[in-house]
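Next come two complexes, and both contain chain A; in the first it sits with chain B, in the second with chain C.
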Partner chain A sequence: MLRLPKILTLLLGIVLVCSARAEIVVVVNLDSSVDSFSRRELVDLYMGRTQHFPDGSLVLRLDLPPDSQARSDFYRGLVNKSVAEVNAYWAKLLFTGRASPPQVISNSVNVLKAVRENKNAIGYLDSKDVDKSVKVVSRVD
Partner chain B sequence: MAFLRRIHRVIFLLAWVLVAPFSHADESDLSGMFRFSGFATLGATKGGNEILGFRRELDREGLYDGDWSMLAESSVGLQLDINPTGKWGGTLQLLGKDTVDDSWSDAVSWAFLRYRFNPDWTLRVGRIGIDQYMLSEYRSVGFSYVWIRPPMEFYTLAGFDFFDGMDLAWTTPLGSGTLMAKLQAGQIGNTYEVEGNELELRLKPIFGGTLHWESDHWLARISASRLRFDQREDYFPGTQLLAEALGNPALAPFWPQAAAYSDDFLLDDPYVHYLSAGVAYDKHSWQVQLEANHVDSDTEYYPSVTGSYLSVGRQIGTVTPFVLAAWAQSQNDRFIVEPPALSMYPPLDAALTALAEGLQTARDQGPIEQHTLSLGMRWDVRYDIALKAQWDHSWVHAYGAGLWEQKETLTEDTELNTFSLNLNCIF
Partner chain C sequence: MSIDVRHSLTVRSGLTILAGSVVLTVALSTFFYQRIFDEQVTQADRQLQQLVATVESSAAVAAYLDNAELATDVVRGLTKNDIVVSAALQSATGMRIVSGDVGGFDEAQLHQFPLSAPFTPEESIGSLSLQPNRPLIEQRAREVAVVYIATLVAHSLVLTILTILLVHWRLARPLTALARDLHEIEPGSASRLPLPTHRRRDEVAQLVDDINALLAATQGTLEGERRLRQYVESVERRFRLIFDHASCGISLVDKNGLVLFSNPSFNRIMSQGRPAADMTNFLQLFDDPAQVNLLLLHAVTEDLPVSVDLLLSGELSGNARWLHALFSSVRNEDGDLLVECILYDISERARREREVQHEAERDALTQLYNRRAGERHLRQALVQVATDQQPCALMMIDLDRFKPINDTYGHEAGDRVLIAVSQRLSQSLRKQDVVVRWGGDEFVVLVFTGKNAEAVPLVADKLLQAVSQPIDLGGGRSGQVGASIGIVLIPEHGLQLDDLIAKADSTMYEVKEHGRHHFSIYREPASPAALNSGA
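Now for the complex of A and B:
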């Protein structure tokens, strides 16, 4: 009888671990004038409402591949939408010529590289993959 | 054969999309100088009856007798975006679908240059989407909405997808969202099918304005536009033969109203005004959308109409079932032609009767009075592919079938079903 609570706890733990989203960090170049981003500013950038940093410079927005877990977690945390829903939303902006979606980068290593090499870049990745070569300006979970 | 080639292209693109996902990775060109993208819909539609032909847009061919068609709603779009600098950019979009005239110039849906003065102000010049209603600019991109098609009662009559001219947009944060104000000016030329004849409409100038506010969960917009038929002092396109016959002075002794009927075809005050308002809400898996419009025409042969629709959808995992109700109603009562007096000369009487019948038919086929209830479902198979199914049941009133292609005047109230199944993708 004592085993049952243990098994239930274990099962609950597994469910929680499996359903928990990874913490996503949003990163910019070390030389960027931006030190932090509010959720609203991130939504405006990643949902195509603005393509500029607060200082007016053009942003190079980076995305991870549509089948990546980090992309799914990022948009779920940011706007509570699935990748398919975000794509449907972007299809409206792209195919009306209003805005282009972020550039897709194949993995988090290349996101770090692209952010290091581009002063105006912004990207996101799983917090376990981040290093000191970029500046963390926001967290999404 | 052109249609077959087009369908082959859609199938090819659908195959390609499976290996080339939307927003594929390309680290070699981070500048975003060139971006190729596209959208496609491959659909089967069953609709129409022996009199009324289903058409999703006015420039499509009618589908009759409850037949199945792969052409009625299939389409493919290809887009090239060029962004050489942050300020300058350009977009070219080609749209392939089964239209009445298969004209290649109409297949260019967008071709414009964009100049961004600063983050708030943007000017576009060229061929641009006309921003009349909520879905006007992306009605062909099936992946971007939940239904098989934007509601017929609202969108079929808005037959103008694009214009040639310019627009100026201003955006600013407002409350919890972003406000966009846009002004558009230019001209339109397009071809439609009316009673089996191709009909070219030229509208010049057109002016329009839109206010669009969007937050995380809400979208609200109003728009107004004013279109002018270019054929001023001329007969309404496609009505010239009938109008000239009615205008023959020899008819006056037997049919005094004929000259006035002929003048009704003249475009002496050739303006059409569109007003619309819409609201959309998307939160906690609920998707609710409502739009209403009023089209006010000074021309007898372009109907003044009021339309609206309400859609409610609920997302359950990757599936979104929805229900949609839509209405459209012309403003004017049925126009009854005064019959001519008989001349006692049979050949002339036959001609007069034929003219009167022709005129009554022309007056009866424009007005719109119908409503439709739709049930359907969207399934997001993958992040770039959606499968949809929809059933529409339409109640069309006698002499109110103006949204349908008509083989003859609809003289009795009619109910029709339309069934559609389609696959939508972006790439």
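Now for the complex of A and C:
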């Protein structure tokens, strides 16, 4: 005979684990002039409206692979869209030849690396993967 | 029968249906035209909104990114719809992309749709402006409305025509035919209405049946009345025949004696021998109007028929005309009492009766009363004498020397003597006096002498004188007879005829015994008979 409180605690735990979204952090090069990004600035950057940092330098946007959990969590948190929806958005703009989606990086380690190496790069990754080699300018959850 | 076409059932009902249909169609058309037009315009607006909704996300993205290519694509796509004249996409950051008839922008008709940022809906990032093709939209709305109205009108028209035709074929035509047929049928004839050709039992067929039943009833009634009229006429003819050809006079007289109605025999009887007589005054037609008037009143008041013989007026006594009259009261339709008079001319019968009476009463030879009639007349006269207290004398006359003449010259001579004596006796007396041939050569006379007692001998002498004149016996011979007369005085010597006769007879025999050709007046037996000698 199972004890009811124990079962309830177990179930609650499962639900919390499943619904929990990892916190995503947006990072830039330590030398970047930018210290923080508002949510709106972040949206404009990633959705292609803004091509430049506030200081005028061209932005290199970095994306994670479409099947990564972090990418899914990032766009869900940023514009409340699925990865597929964001892909469709970019597909619509592709024919105009004027807009291009962020560059895809294979994993968060490589994102960290690319940001470290490029002053104008901006990327995102799971907060647990971040280290002190980059500057966190925003958090998305 | 002619029916004004304007008033025919088909035309009137048709016009009514047509008018109703026209009014209804016009009302419905007016109502629905505006409604459909408005609906079409509203629908076009909705179409515009739907168009915008279709391209909204792309337009939003184009405005978000200031992407001219995408914006151009969007506005071009919009202007490909014929209800959009021109479209413009404007971003908050200043991009403005226009497509279509740019010059035709009319701010008043412009439809503005705000665009919000694709990822931050609370942020407005521009707008989409559309210039709808208002003339096209309205023209289409009109077309749709007109098609609808045309359908409505056609529908109404077809229904109206159908209804009129139906009324005409199913109602007006059979009724018109029925009215025409009925108009041609003579009331009382054997003609009947033909049954409608379609066999169904509708109201018209029922009407035909009922009318035919009425026609049959009318025919029966009229035939019955005609037969009755013929019967009455024949009866009336027969009665008229009887009335006109009756030998008796028939008339209706009111209680004042005015002749209201009479048959030909009445006029014939009344006018016979006096053509100028007034046929309307009943009373004056008779000898005694007052008597007739009383009889009429009697008939009316007693309500009993009066049967009486009446003498007509204006006749000489020798040619007197007698009528037998039956008076009975009748009441006419107004309740007035009238007298029905039935009159027979009995003059001829009365004359014959008088002749028969004469033959029965008179002695064939002398034309004097025979003994039987004489006795009756004498008795009547005696009754009259008793009531009137009028003295008279009865004389028994026996001829003297009659037998020798009869024996010598034969019966013919004797008859001549009797005829001559009878004539002389009658001529010597007055009319009211009675002369009777008592038998053989015996005569009895009753003489009304009056109060004058001297008259009796004078009369007796006169008679003796008359008898004793010579008599022509025929063959150139002449003879002479005398008479013995016995006289009784009435009422002095009695009132009973037999007694008087016996007394006169015995007195006459006394005369004969005392020398003949005398007269003697009876004396009572107590005293000796007195003899008076005559001339």
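Here is the rule we go by: the second predicted complex is superposed on the first by the 138 of 141 C-alpha atoms of A that agree within 3 Å, B and C clash if a C-alpha of one lies under 4 Å from a C-alpha of the other, contacts with A are read in each partner's own complex, and residues count from 1 in each chain.
Methods note: contacts are C-beta pairs under 8 Å (C-beta built on N, C-alpha and C of every residue); 3 or more make two chains touch, one makes a residue touch a chain.
Just so it is clear, the structure is predicted and the values come from calculations on it, not from any experiment.
When the two complexes are overlaid on chain A, chain B and chain C occupy overlapping space and clash.
Of the two partner chains placed by superposition, A:109 touches none, neither chain B nor chain C. Once the two complexes are laid over each other on the shared chain, residue contacts for A:63 go to chain B alone; chain C is not touched.
Contacts of A:92 after superposition on the shared chain: both chain B and chain C are touched. Of the two partner chains, neither chain B nor chain C is touched by A:30. Looking at the superposition, the partner that touches the larger set of chain A residues, chain B or chain C, turns out to be B. Contacts of A:84 after superposition: chain B is touched, whereas chain C is not reached.
In the superposition on chain A, contact is made by A:118 with chain B only, not with chain C.
Of 7-15, 25-33, 79-87 or 277-285, the segment of chain B running into chain C after the two structures are fitted on chain A is 277-285. Across the two superposed structures, the residue set of chain A contacted by chain B and also by chain C is 43, 49, 79, 89, 92, 95-97. Interface of chain B with chain A (complex): residues 21-27, 30, 32, 35, 37, 39, 77, 79, 81, 83, 86, 91, 93, 110, 112, 114, 118-119, 124, 128-129, 137-138, 140-141, 143-145, 171, 178, 214, 216, 318, 380, 382-384, 386, 426.
Interface residues of chain A facing chain B in the complex, by the touch rule stated above, are 43-44, 49-52, 56, 58, 60, 63, 65-67, 79, 82-85, 87-92, 94-97, 100-106, 110, 114, 118, 121. The touching residues of chain A, when paired with chain C in their complex, are 40, 43, 47-49, 78-81, 89, 92-93, 95-99. Remark: chain C residues 58, 61, 64-70, 118-120 touch chain A in the complex.
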